[in-house]
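Chain IDs A, B, C, D and E follow the sequence of writing; residue 1 opens each chain.
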Amino acid sequence: MEIFGVPIQAFLGQLLLGLVNGSFYAMLSLGLAVIFGLLNIINFSHGALYMMGAYVAFLALDLLGLGFWWSLALAPLIVGGFGIIIERLLMRWIYKLDHLYGLLLTFGLALIIEGVYRYFFGVSGQPYPVPDALRGATDLGFMILPNYRAFVVLASLIVCLGTWYVIERTRLGAYLRAGTENPQLVQAFGVNVPLMVTLTFGFGVALAAIGGVLAAPVIQINPLMGSNIIIVVFAVVVIGGMGSILGSILTGLGLGVIEGLAKVYYAEASSTVVFVIMAIVLMVRPAGLFGKEK
Amino acid sequence: MTTAVEFLRITDLHAFYGESHILHGVDLSVNRGEVVTLLGRNGAGRTTTLKSILGLVGHRSGSIMINGREAIGLPPHKIAHLGIGYCPEERGIFSSLSCEENLLLPPVVASTGLSVDEIYDMFPNLKERRMSQGTRLSGGEQQMLAVARILRTGAQLLLLDEISEGLAPVIVQALGRTIRMLREKGYTIVMVEQNFRFAAPLADRFYVMEHGRIVEAFSAGEMRSKMGMLHEFLGI
Amino acid sequence: MNNKTAVGFVLLVLLGLVAPYTGAYPIFLMKALCFALFACAFNLLLGFTGLLSFGHAAFFGTAGYAAAYSIKAWGFAPELGILFAVTTAALLGWAIGSLAIRRQGIYFAMITLAMAQMIYFICLQAKFTGAEDGLQGVPRGKLFGYFNLEDDIAMYYMVFANFMIGFLLIYRTVHSPFGQVLKAIRENEARALSLGYDVDKHKLLAFVISAALAGMAGATKTIVLGFETLTDVNWPQSGEVVLMTLIGGIGTMFGPVVGGFFIVTLENELADKVGSWVQVIMGAIFVICVLAFRRGIVGELTALFGRKKDVAV
Amino acid sequence: MDDYILETKSLTKEFKGFVAVSDVNLKVKRGEIHALIGPNGAGKTTFFNLLTKFLIPTAGHIFYNGHDITYDKPAEIARRGIIRSFQISAVFPHLTVLENVRIGLQRKLGTSFHFWKSEKTLGQLDAKVMELLESVDLTAYASAVTVELPYGRKRALEIATTLAMEPELMLLDEPTAGMGHEDVDRVTSLIKKVSANRTILMVEHNMNVVAGISDTITVLARGSVIAGGPYAQVSKDPQVMEAYMGTAEGELEGAH
Amino acid sequence: AQTAKAGAISGDKVIIGVMNDMAGLYSDIGGPGSVEAARMAVQDFGGKVLGKPIEILSADHQNKPDVGATKAREWYDTEGVDMIVDVPTSSVAISVGKVAAEKKRVFIDTGGATKALTNEECNPYMVHYAYDTYALANGTGKAIVQQGGKTWFFITADYAFGKALEADTAAVVKANGGEVKGVVRHPLNASDFSSFMLQAQASKAQIVGLANAGGDTINSVKAANEFGLTKNQSLAGLLLFITDIHSLGLKTAQGMMLTSAWYWDANDETRKFSRRFFEKIKRMPTFDQAAVYSAVTTYLKAIKAVGTDDADKVMADLKKTKINDMFAKNGYIRQDGRMMHDMYLMQVKTPQESKYPWDYYKLKATIPAEQAFQSLALSTCPMIKK
């Protein structure tokens, strides 16, 4: 059996691989959405922080001999901590300004982080092995799926859904959502909003770092890995609309899959397909698939 | 008569938004269980006074004693925990929260608050629109929600900014009854009101503001003798 | 035009006219003028319409390709090449603009960025752009069949003329009935809508003008340097023009000119001094500008000389 | 004989099963000040939103001067002469008072896309602008930047800008909300003044204002019209008292 | 001062400008290492030529042709630079080449890959020194087919560079009796290559040719490993530098075939140079960096031979003298500016085979210059009269 000239096995295989990429998109766009929610800032440095996550993994292994699992735990803490410092040192001064300044500030930040990493690590990239426990592949009948890829999908789904639950279903989440709209008032009700803002930023950044660690074994760790992915993630965010957490997760996964299929049918266009979809979505639903008109 | 216990004392309060100096040395005090109304023209600085109490202005100086604690240096969330409930002028209903979530949002600061059922009895509209998105409520319904919301927290000092604005007479009357009831329960209330006819029968004392200063203070008993002055200041 | 603007303007023209005789490097001057025009065009959108486009390199670069290709492959004269390039940029501006203005604020920025990235991919893959080799060896030719542009001085004055045309057009646009409506839209979009203005069409027109002028800058630069490459359509170029405007002064008339010269000089000077730190320095300038220097050079200067904050120079 | 400028036929708006405006047939007579009152949540603002196309009706039709405008776009509505004022003051804060009003006048010049013309060409409008400012008592503020105006003046400015559109029909949503007594009086008399030669439909909770200037009153409750007519008649309607006042005793006087 | 008399050195100094990418994509291939290599060359030459001092300038062109071209002009015009060397990134190389032609000064490109430099963009003042896409494709393709790798599948970066690599390789594969089973073209910076690996696997070709570069190649290799492609098929990298192998690690890269212009561990001479280089840079030199050393030396020798730094005379000498140093044996510069030298087919060692750091390659075949590079007959360089 074939689907548009591609054997169904291959088709399913590609679908699954698309999901893996989608997991990265989902995790990054979720982090962006969380930060945007409370700080009203599009974090342009998100890609750079994702890259930092991958470097933490590399350095932990290289300098300290700490393996993948350690990194998975350490990177969000270290990079998230770095995020917290950034928030305290820089971000706080611009909350009252037009949101565009946030974009510009984080853009500058991304340049700096990337530049510093280039200086210290060069650009040719660093090796990182797949963790031993996840080596090898499972024969699914229609394809051989490397165990590590399966793990990536699972791990990111857990992280994403966990985040969704906290934000949409808990009291803490209600504070977050309310703080998103009117932080002053929420603070006047007795909630420590500045702390909440700082931690939220740290959390969003930590999501990026987890993404970076997960990516380390499958793609080259180099200072540019973040800027390559961030623009696509922006498009994902525009398509999904930043209105809903679940929206960013679903859009991320969905676009990963679509991009994966594009690689089979018309590989040349696989990097533009996301932008084309963005254009179409904008024409039909300007607010994005899950967005609300303001 | 029981001896008055001072609950809020403001001395020489100055407040700024950025570079503009709005309050120029406000002094006022409110006793426990009192209802006090701030009167004044648009832009006189009444809202700013309430916001200053909570630390929501750019910069402030002077002294604000709440229940014996100095609040001038505290961040807003700590001030709230001294037992203050705030109903802002622009209502501040959250659109990403449902009506009920809005109601349940403010953290409880003391155990003496009303229960959700009591609140719904007081405002049946809210019960009906309970699952509605916060800002989908009508203007008046939002106003009710904003007041209802802080009654749950057990805050003893309520700062109410223009709560009668945009409400149908029937609701304004209901609000009046609520305020009286709250006073009987021992709540302390500072109201900012444009609607003098609403405020007049409720308040124990009045302050009149003009250009960021208190220019007059009188009690309910003195009201008649002050009508001339009020007319001059407020066109009443 | 108020007095001080007029003074600034006369100063600009004088400086521009004598610049090639000051010993400044002519190619450098021309390049800087092109970037200054690019930044002015960008500022028309950001400073006077309140729209942050993060994809303006798309127009700059596409026009560069259009000029290079039409001149090299079809033998267009320079003026025709520029005209063709400006038209191309305007059309592209119309296409991208129609999509982008459907959203506001940050989304607008992200959409323009993403669309520009798509243009980059297209330029990378298309046949006529020469991909990473670029379109090289574009002859400067003769302006109106008469002025030989191979001569740097002649070339310079043509660039300067282009710059002035663009600059004056922007000035006119900002201070026109249309400019007034733009200002109103920036201030209160809903109200402008309710007064019966088709807000989207106004924004779109501003976008197209800005794209066309960015295109003019790109095309001119191509003729000056004789080549067009992917660098000009890639996103760091979009970031750079934002930086030029930011550092010169958003929403000021002369700011982007100053910013353009500043960054081009900096880039040139840093090239053989700091090695790999260029990017970090650019990033740091961004951060510093946003945190402490939001009015930019021109904005700060005018503030210093005691003008009101809201005056657009 | 009766000349109706606006007419709705069975206008209905449903939000996910909740009927906010239900089968409303409203006729607005040309040249009148028509007030829309009703308890909170009655559907007044929703009704306004339907008229100005901020919302799409679930059912029913809207006729303006006999034309069916149910499916027009917001900007088209404005061009037909229906102008709405906002509940939150809608001015262009960093333009001068003069420029604010001029923006309103400028559209008719047809040069709003003319980016090649000098803004001096707008000077021809200034006389008309001053006339309008005069009518709302703002001449003294003409060159002030709008943010710096007191609240009541901003409302007056907004009305002047709206007048610049030469609206046939003005829709005012709670024009006196949040105003001090002086401003209320100022704005009330302003509305009365500008109502000459045009029709005004307004939502208002302040009964003094309603009683003072409106010719006809329609009372909405739970999305439906429960009463209509001149003030004297409506204010005695027991159903209205019940729904609006909460008490059936006494005349409808409002809490203000 | 442009036309120097015989025996004269313009400006009483010989100034050599090393221009490259100091921080970007290509900074590890050339970058600060190239500057160091140039310095070493000057030092080994004795610091002076014809009694005049030799100076090195360096600049970062940031991979921007306009920065590169403007800098080159400024160097030639106002700084008195006599020769520019390195310049990776094809677009910058070509535009600097144009400036060199206009200013009639020497330009020796070691870092650029595009074969356009000695074809349509060639000019009398430009030398293309180390390698080009044709040599890489041709060398790898031919040698592998000869060793039995008959069936090929290409993973190609979808732009001119990748397509040229693919086309050149495919042509030589077919000419030598091989077969191309399929091609998949991916966009630049595709980051995830798993999907292409599945397609390559399905093709059952013996050799999977990677017609891409840099991060794309590295990510391809990583994905190939992960999907077990290397169990039954071999990877051939068409443009791979030793720094890429270093960053992949032998565990992942082992067994790959690639063509290189030079290898640090080839003989005592190369080792001697490389060890010195390593002292300073902490990396073994790439073939680009070695080529910079060789190019600077060759240029200085030419000045010494003709007794002037006049570009025309130097170029004339360059084009007739044989080059023999640690980089090339019996190399020579052809009319079109192509420096002809042997290329080497290398195979990446397994981790077991590797005995010491940077011990990465084993030599599979030497490709003679005449076979490695495009023949003059095929050249589109206008300077070649046919």
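The definition used in the following text is that contacts are C-beta pairs under 8 Å (C-beta built on N, C-alpha and C of every residue); 3 or more make two chains touch, one makes a residue touch a chain.
Model, not experiment: these values are computed from the prediction.
Colleague: List every chain that touches both subunit A and subunit B.
Modeller: none
Colleague: Where the contacts of subunit C and subunit E overlap, which chains show up?
Modeller: In this structure, the chains that contact subunit E and also subunit C are A.
Colleague: Could you pull out the chain whose C-alpha mean position is farthest off from that of subunit D?
Modeller: The most remote chain is E.
Colleague: If you average the CA atoms of subunit B and of subunit E, how far apart do the two points sit, in angstrom?
Modeller: Centre separation, subunit B to subunit E: 76 Å.
Colleague: Starting from the mean Cα coordinates of subunit B and subunit C, work out the distance between those two points in Å.
Modeller: Centres of subunit B and subunit C (C-alpha means) sit 52 Å apart.
Colleague: Measure off the straight-line distance from the CA centroid of subunit B to the CA centroid of subunit D, and report it in whole Å.
Modeller: Averaging C-alpha atoms per chain gives centres 30 Å apart.
Colleague: Identify all positions of subunit E at which a residue touches two or more other chains, and write them in rising order.
Modeller: 23, 27, 158, 187-188
Colleague: Mind pulling the residue numbers of subunit C that touch at least two other chains?
Modeller: 121, 125, 276-279 - these are the residues of subunit C that touch more than one other chain.
Colleague: If you look at subunit D, which of its residues touch at least two other chains?
Modeller: If we look for residues of subunit D contacting two or more partner chains, we find none.
Colleague: What is the complete set of touching chain pairs?
Modeller: A-B, A-C, A-E, B-D, C-D, C-E
Colleague: Spell out the residues on subunit B that touch subunit D in their complex, using ranges where they run on.
Modeller: So the residues of subunit B in touch with subunit D come to 41-43, 89, 125, 129, 132, 136-141, 143-144, 162, 164-174, 194-198, 234-236.
Colleague: For subunit B, which residues count as touching subunit A in their complex?
Modeller: Per the touch definition, subunit B meets subunit A at residues 54, 56, 75-81, 86, 88, 92, 94-97, 101-102, 104-107, 109, 150, 153.
Colleague: Enumerate the contact residues on subunit E facing subunit C in the complex.
Modeller: It is residues 22-23, 27, 31-32, 57-67, 69-71, 73-74, 77-78, 89-91, 94-95, 98, 114, 116, 121, 158-161, 187-188 of subunit E that touch subunit C.
Colleague: Could you pull out which subunit C residues touch subunit D in their complex?
Modeller: 169, 172-173, 175-181, 183-184, 187-188, 190-198, 201-202, 205, 209, 310
Colleague: Within the complex, which stretch of subunit A touches subunit B?
Modeller: Within the complex, subunit A contacts subunit B at residues 174-175, 177-178, 180-182, 184-194.
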